[in-house]
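The following pair of complexes shares a single chain, subunit A, combined with subunit B in the former and subunit C in the latter.
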Partner chain A sequence: MVKILHLENPEIGKRFEAVRSSLTGWDQAWLDQLRAEAMTRFETTGIPGPKVEEWKYTNLGFLANENFAISNKARQQTEIKTLFDRAHMENIDGPVVVFVNGHIYPALSSYPDGHGISFAVFSENCQAFHPSLANIEYSSALNDLNRAMVTDGYSLEIAPDVVLAKPIQVIHIVTSATDMKLLPVRSQIIAGKKSKARIIETFIGAEGERYWSHMVSEVTLAAKAELSLVQFQLQGKQAIHMTELHTKVAEKANFSHISLQLGSEISRTELLNSFNGEFANVDLRGAYLGRIKQSHDIFTRINHDLPNCNSNQLYRGVLDEGGKSAFQGKVVVARDAQKTNADQSNKNLLLSRKAEANAKPELLIYADDVKCSHGATVGELDSNQLFYLRSRGLDEAAAKGLLVEAFVSEVFDDLDDEILRDKFKEKAAGWLAQELPS
Partner chain B sequence: MLEIKNLHVTVGGKEILKGLNLTINDGEVHAIMGPNGAGKSTLSYAICGKDGYEITEGSVTYKGKDFLDMNPDERAGEGLFLGFQYPVEIPGVSNMNFLRTALNSQRCYRGDKDMAAVDFLKLIRAKAKELDMDPEMLKRPVNVGFSGGEKKRNEMVQMAVLDPNLAVLDETDSGLDIDALKIVAEGINRLRASDKAILMITHYQRLLDYVVPDYVHILADGRIVKTGDKSLALALEEKGYVGLGITEAA
Partner chain C sequence: MVATKEAQKTVEDVTGEYKYGFVTDIETEKAPKGLSEDVIRFISAKKDEPEWLLDWRLKAYAKWLTMEEPTWAMVEYPEIDFQDIYYYSAPKSADDGPKSLDEVDPELLRTYEKLGISLQEQEVLAGVAVDIVFDSVSVATTFRKKLKEAGIIFCSISEAAHDYPDLMKKYLGSVVPVADNFYSCLNSAVFTDGTFVYIPKGVRCPMELSTYFRINEANTGQFERTIIIADEGSYVSYLEGCTAPQRDENQLHAAVVELVTHDDAEIKYSTVQNWYPGDKEGKGGIYNFVTKRGACRGKNSKISWTQVETGSAVTWKYPSCLLIGDGSVGEFYSVAITNNYQQADTGTKMMHIGKNTSSTIISKGISAGKSQATYRGLVKVMAGAENARNFTQCDSLLIGDQCGAHTVPYIEIKNPTAQVEHEATTSKISDEQLFYCLQRGLEVEDSVALIVNGFCKDVMQHLPMEFAVEAQKLLGISLEGSVG
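Up next, the complex of A and B:
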């Protein structure tokens, strides 16, 4: 049965064997063994096909058909600098961690350091990643493929009571080259009790370049920790971009994730959360904008196993001609999870008849004393609003732009950092200005 | 200023305006009254160029230019302002941002540079004050959660900032309390000038006590059926449409 739902590509296993002895940390037996085990699991499971419900909206066919080269370290300094400048927010003068083609790039990096901060890079210290690589709790086909082939990544541990004054910027750059590249990167973040931090991650790549960027992140928040993870996805138009984020949130801790999907041909954002303490809060929000062959897939799963926790999800999508999206959000409230608050809101704006948005919020509630809501809409711009704006002098493009900006701004209006709010606005407005009819 | 000749407008497959003629000269104030459903708002939308208001016959000429050839935003750039009978709510767009974008769009259309942010702020604060609008409302999303009267007053703030040559005001007086009516009327009077013109659509004589029109027209069944001066509005107030011999199917 497994075989019907899953696709195979024996080339991937062969490729692994061929490069195995040159992978990062190849000389460390424990790592080589974990990689091999992961590859075996991946080959046994196979690649989820379009008949697997969770993968209905993102076709992994390319994995079955294409041959990947593990990215090489070929570097073009001017190109790197140009991409870096587009991603880097220099008015935030915190630490910066830069990866180029899936490998750390020390020349542009300044690692986070200071009291209570342990930071490590996989290619410099594999050992630091042992816990995450050995933990197969989150095992899945793509996670295992990532684990087997991982080139680099970062690990951040924040000691109890430590508050990071400045956000950490992590920038993933992909340069132009000829082969399709596989860029498996990982991160693990451990936020100690009552610690507070923000990480801003930007993914950016050369236009016209076909590559598969796959990132697995494992995040743990101890009691009363506060962690905000902000992600800007500005990949090249032919890229395939996937992130898989696992979060575990302890008592009274707050986790927030906010993302903007602008680039790539295919994007898939997986956010999988479980609570392991009461009175904890998780806030997931994002905007995705797509047109011309682009497809964005937001897949969330929030398990409320314990009472008194809150989860909030807010996603806004704008699809223009040829753009497609899916929001599959699942909230499961276990029988004992009384006093759960869970909200899910997904609204989509179609700017063309040839655009498609799939909204699938799902609530499974087994407790009786809970407050849960979900709402999903797919609509067009309001013609009365457009006319009102135009009657005041705004031309069609400006009127549409203002309405679309207002529509997505709900996602980031509450952000407590003005620099970030402006960045979201600037990027979204830039997308609109690109190709809306004038 | 504005010349409308034999205007026929079809909406949703139904002919609403059936050969309407109206000429407004520089410096004049006209009032249009008429029964519900007569086509008054249809006329205002047709002047403004709203989609779905199909002009099957006739012409609308503004300062010698063919208005029917222009988009709504171009007409605004030429100096037209429409005060809506039902102002539209726009969540997520602040009043301030909306008005600044509108003003600068019009300036750009006329070949002027954007107004500097400080100057704009001064201007809008002054206009809000004139119309007794709480400056806090400028930060709120356009018309969202505004009361009926607040929405109308907001239209007047927009008019004051945009300073049009021709204002078409569709029932701007409806829903205003007595004090607000006076404030709004003063706002309209401030716009009066020898090189400007105003067309007010209203159901009530009261507004015309404050803003005295040069002409009063009665629109019924898609045409102007009677034209007079201020006394026509008084006669109408006294006798009603039927009393003046005007029925829905005139």
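Up next, the complex of A and C:
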């Protein structure tokens, strides 16, 4: 009985060959070669099956069976505008970068510019992505598939000491179309020494569409840099949404990632961090809300290879009828990484009978002078709290809503930007309102 | 960091030099080296087993041939050559079957005396019946008569196959199925001996049952099989302790323990495991790949595992509870100490299946030297398990900067009424703690012992009195009468 660890789908390779000469930057020999190499690696590795530990809670079976078309540049302007308006935060008066179906959409975009900011888009300047595409440090099956098929992406470099006054909004829109689409997008962000920036990414898609959005981001923070990455996931209910984020954080730099998972049928958020210098901080937090066939998977790995670094993870999940979630957090403290502080907290609320929450907060520790802890809980709403609120005159739905909101708000209460905080609240409350009709 | 070095030394004193390292020279009768159908037939014939059991073994063997060794545990060891192991060896005198202690090979008795469990003493000491397993065959059983009066069956598994075939057929492999995992399957094919316990309805076992396992002959794998059944309303406390002589070659131990509790019954299973951990360079030592599982089949039944793991080069052990009956309770209390090059990957599984089931997991890991200790646990609440409760706490203590402590908990919840909590911390003996003790006049050794003792207290409290002393010695701590 040999366990099948990896799945195969030869159609994907064939599809690649078929579209190879029409992919972005097809006329660049180096790019074509890197794509082909990535595809070869992908085919050799295969698609991780459910027996692969890292993919225990997200089944990639769909990849083995379905055939993806590379997304086209469909332009249903009114639809794009509607989706854009839902995602765009007007009151944040900053640059906006819009991708539609995995391709840059200049009509709605206003690229970030100004002193110390270099911004590039893959389809306009693929050379800017050469180092990242050639670097196979983060090579994995899905990363390589993304690399081979990548349609577009953005690159942002912030010069030392530059402080961005306004956050940059990046909006990924998927419009309705008939084919099952693959949307491989990449980004690379380099934050220079002592620079400071915030990027807000929103993923939004048409309802009723089956598509697979796959985003790979590589983020580097130089010493004392401060970067905040905010992600709203509002994909259509049948979508598959995956992000893979690699961060390298140098001395005394601060990186924070905060996400809200609301949409898609299958979502997977991979956050993989390593420290390049001491006294650096990483803060990862997020909320995932799921119901009816939805499955959210948060997968983190924080490598503490150097001493005196801090990492903090805080995740809250609310699962209702048919919703499923997994938190797989991993902290690895290397032998010399003394004085490491690492904390993981994962709490889940199950609102209904057919909900499921899985947690695997993992600690691997090889150093002795460290403070590491993790906590995980799963439970339902406290009946005493409910009773208290109801005795104060709130109806059941309102009382439940209030408690769930309080439970989730721990994730974004500390946000220093009021507009963002309100957006989180609004989105979460919208979900809850659908959830708990009064 | 001066203190740390001292602390390391103390832990070495506790676990390092293996006190029970000696080899008893007794002629043994061996099956040919390696594993084949013939060897299994040999074992079965040697045991004079009924036909159905031989078939059962052969089926397991056929299945085993198709299985692969698990590699997911965080342990590393050279590949095991399963054809380089003796699967059967028995002290020669066993053929005649000693009727009393006087008939037992005096050399054997001396071995036990060195271990501090002289049978005579044991017999005199009230309350403990000992079924000694010496290289896979029971050579002496005491107190059986007294137990028989209460209707309790306490015998070797081979005897049970003869005398109680119905019970054996019903329960053998019922909790740990033959093909459950690679090692349990191997065990099913070649198990040589073990203990069978049946507590009838409403009986509270008048004494604590205990089996001393001992691996003696070089290159002999030890494949024990233990089955304990507690019928309605009964109670039994079972003690398992292990020591083994020092040698160079790695030895394989793949035991299977199956527990079954019916309505309102309770089994308390305690283990002190102190097999040879290998020398300071990590050479030798026992490979301990054990499958232990209990099924709470009845309503309000309870299974409690307590373990103190200090030995073995590699430990792979997850005593688990299947909480099937409504209101059933599962407990797991564990202290695992690793030193030098020891590796321990241990934990538990709590499967909540029935309504109102609850489980508690307290795991304390202490790693020193270049050792690696991993807690790996699963708490699973099935969709129908209303009002399930679980509390998990796993703490790790690191002594020295060359060791590792890891925590891999899995929490899988499918019912909203479940309340599941998991906590874990990792720390070292702080300089402040040590300073405080030293300043009050304690020696470094005593201070460390005191701190380690405090760290493990939650678990040690659950050990039966009989084991407390040994555990005390093993941890090098004085419990100051707090264990009862």
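The rule is short, and it goes like this: the second predicted complex is superposed on the first by the 433 of 438 C-alpha atoms of A that agree within 3 Å, B and C clash if a C-alpha of one lies under 4 Å from a C-alpha of the other, contacts with A are read in each partner's own complex, and residues count from 1 in each chain.
The rule is short, and it goes like this: contacts are C-beta pairs under 8 Å (C-beta built on N, C-alpha and C of every residue); 3 or more make two chains touch, one makes a residue touch a chain.
Bear in mind that the values here come from a model prediction, so they are computed numbers and not experimental data.
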Combined model on subunit A where subunit B meets subunit C, clash or fit: fit
Touched partner set for A:E396, first subunit B, second subunit C, both or neither: first
First, second, both or neither for A:S383, with subunit B first and subunit C second: first
Partner chain(s) touched by A:I365 [first = subunit B, second = subunit C, both, neither]: second
Dominant toucher of subunit A (residue count), subunit B or subunit C: C
First (subunit B), second (subunit C), both or neither touched by A:E410: first
Which superposed partner A:I117 touches (first subunit B, second subunit C, both, neither): neither
Touched partner set for A:A225, first subunit B, second subunit C, both or neither: neither
Partner chain(s) touched by A:I199 [first = subunit B, second = subunit C, both, neither]: neither
Least C-alpha distance (whole Å) that remains between subunit C and subunit B when both complexes are overlaid: 15
Touching residues (chain side subunit B, partner subunit A) in the complex: 48, 50-51, 71-73, 75-77, 82, 84, 87-88, 90-93, 97-99, 101-103, 105-106, 109, 141, 158, 162
Interface residues, subunit A side, partner subunit C - complex: 1-3, 53, 335, 338, 348, 350-380
Subunit A - residues contacting subunit B, complex: 383-385, 387-396, 398-399, 402-403, 405-407, 409-410
Subunit C residues within the subunit A interface of the complex: 4, 66-68, 72, 74, 381, 383, 396, 398-428
